[in-house]
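Chain IDs A, B, C and D follow the sequence of writing; residue 1 opens each chain.
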């Protein structure tokens, strides 16, 4: 979080009104934890949750878009009061465009954070494209900013801090 | 734990009679582990537990204060024989003041360890303010001491070691 | 993933038609997670899953061979559409030979990734022998390539990337 | 595992006939994982299990001694065919002496690996005293050897490798 944020990134961050997040490897640490009794677990992070609370308080629109599908994500979204949750999405760019239309937003007003190939199309459009430290090389090569923190260990909090600080609402 | 403790920190630690701890990210590693069958899990650390045992034996008052609420925290507190457990607390400073009154303590006699923004008010008051290595920057900037260990991986043990060693009761 | 791949490794990777993987410590992080209610859990990684999806799409044959036995592995294999799953295997080389026969493959066309002593016989045969960063010394000493990533944290994805990129089908 | 083993440590290791291990923080990563449905989980490591298999095959006596008590430890011990399992032990030195008597062993023939204060008395007696990388400072200061690996991530495997290699039975 002590990484220097360039003036260019701050400019991009200042305009953001909505943050769209991939789930596995971004809001979680990417672990798919499976149990012998049919259970599936995910690791979220308390500081990311606090960041999302803060973002919602400051009026940012927050959304989750996941290629996989899990009841656990709904539970975490509910706890954090995130109402926009799309799971089992094969083409994330379609959901991205749906959000722009629904909220009347321009690309410059949307931040997107993702860690893998399926996130490339929305990352190419978003005004602020972010990857967590654990993102695959192809993603890190195209985003505006790679967070110091990994997914599920502060990457989302770091993204939100950058946006809120640029908007001077932190 | 091999970090050099300054004379100033030792002075502060010598006066401590009570240790108040945040839970997620301090006594745990901050992971919010959710399962598809409605379960929630937390990661505690065996060496932190041993430290708390030792602290209680040596007469330190130990308390947990958490913004979230979980049955798991009660279970861990019971196992460790921590009787002061406050969960679902929105203003931690209120619980802090309640403790001072209940035990007739001055700020100088209280140590507080926390990792996130909600811990700032009590950290500003406590005679010994501590953050785990994983604390957010805003917290690390105001505490007297940042532990080498992270939350749920020895931060609490390190805090207790500093206090008990300063009191020569380790 | 940014580790330079030598021309020799690329040559070996280019010929690969099948990838055989050990499970614990390769496709998982090696943690054997046991619970008091008889449950057993394993940590898989979302990016490894994406890599396997991609490998299957590109026509690579993918197989799991494990010395242990767990229902969880079947579940993960099903989710990833891996049909070749052998568990409770004491001599992995026997399964290795079975695959060669079944698919009419030569050693040069098989990649094998394993982390421990039981993987030595197939690793000595495979055209591309790989170990994850957490592999034991005896394994790392005999493989053609040690991935930067650890098991359950991208080792399998890295192996697949090397193969698909060498075949120019990534 | 690539740490150079001194001649002195090899001398000590050569005489070992029994390995006694603490559980939490040594055979596990020290995490006490508690769930909202009353479950408790522990993280073991596949490579440690392989090491224990090998040790038993080579005729080493293997024992677990834990200050805590958990059904999970029994399960893991059963799976690994460790028959000597003592849990809920307050004075580990008593169990240590019991083992010496039962098996007719001298101190020089026993290796002990532990990570915390309760392990000090047996560590002071054992012919080969070991601590995992995550051991507390007081323990690391008195043992003959600190493993490179942490508990639950290869420390036990490393200990066994040192013993078996010194005995030339690896």
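What we mean here is this: contacts are C-beta pairs under 8 Å (C-beta built on N, C-alpha and C of every residue); 3 or more make two chains touch, one makes a residue touch a chain.
Quick caveat: nothing in here was measured; it's all calculated off a predicted structure.
K.L.:
Which chains lie in contact with each of subunit A and subunit D?
P.N.:
B, C
K.L.:
Report same or different for the subunit A and subunit C interface, where same means the shared residue numbers exceed half of all residue numbers found there.
P.N.:
Different-residue interface.
K.L.:
So, what's the distance in Å between the C-alpha centres of subunit D and subunit B?
P.N.:
Centre-to-centre distance between subunit B and subunit D: 30 Å.
K.L.:
Report the inter-centroid distance (CA atoms only) between subunit B and subunit C in whole Å.
P.N.:
43
K.L.:
For subunit D, write out the residues touching at least two other chains, lowest number first.
P.N.:
33, 35, 37-39, 41 - these are the residues of subunit D that touch more than one other chain.
K.L.:
Mind giving me all the chain pairs that touch?
P.N.:
A-B, A-C, B-D, C-D
K.L.:
What part of subunit A is in contact with subunit C in the complex they form?
P.N.:
Residues 24-25, 30-39, 41, 68, 115-118, 134, 136-137.
K.L.:
Would you pull the subunit B residues touching subunit D in the complex into a rising list?
P.N.:
Subunit B residues touching subunit D: 1-2, 33, 35, 37-47, 49-50, 54, 70-72, 75-76, 152-154, 157.
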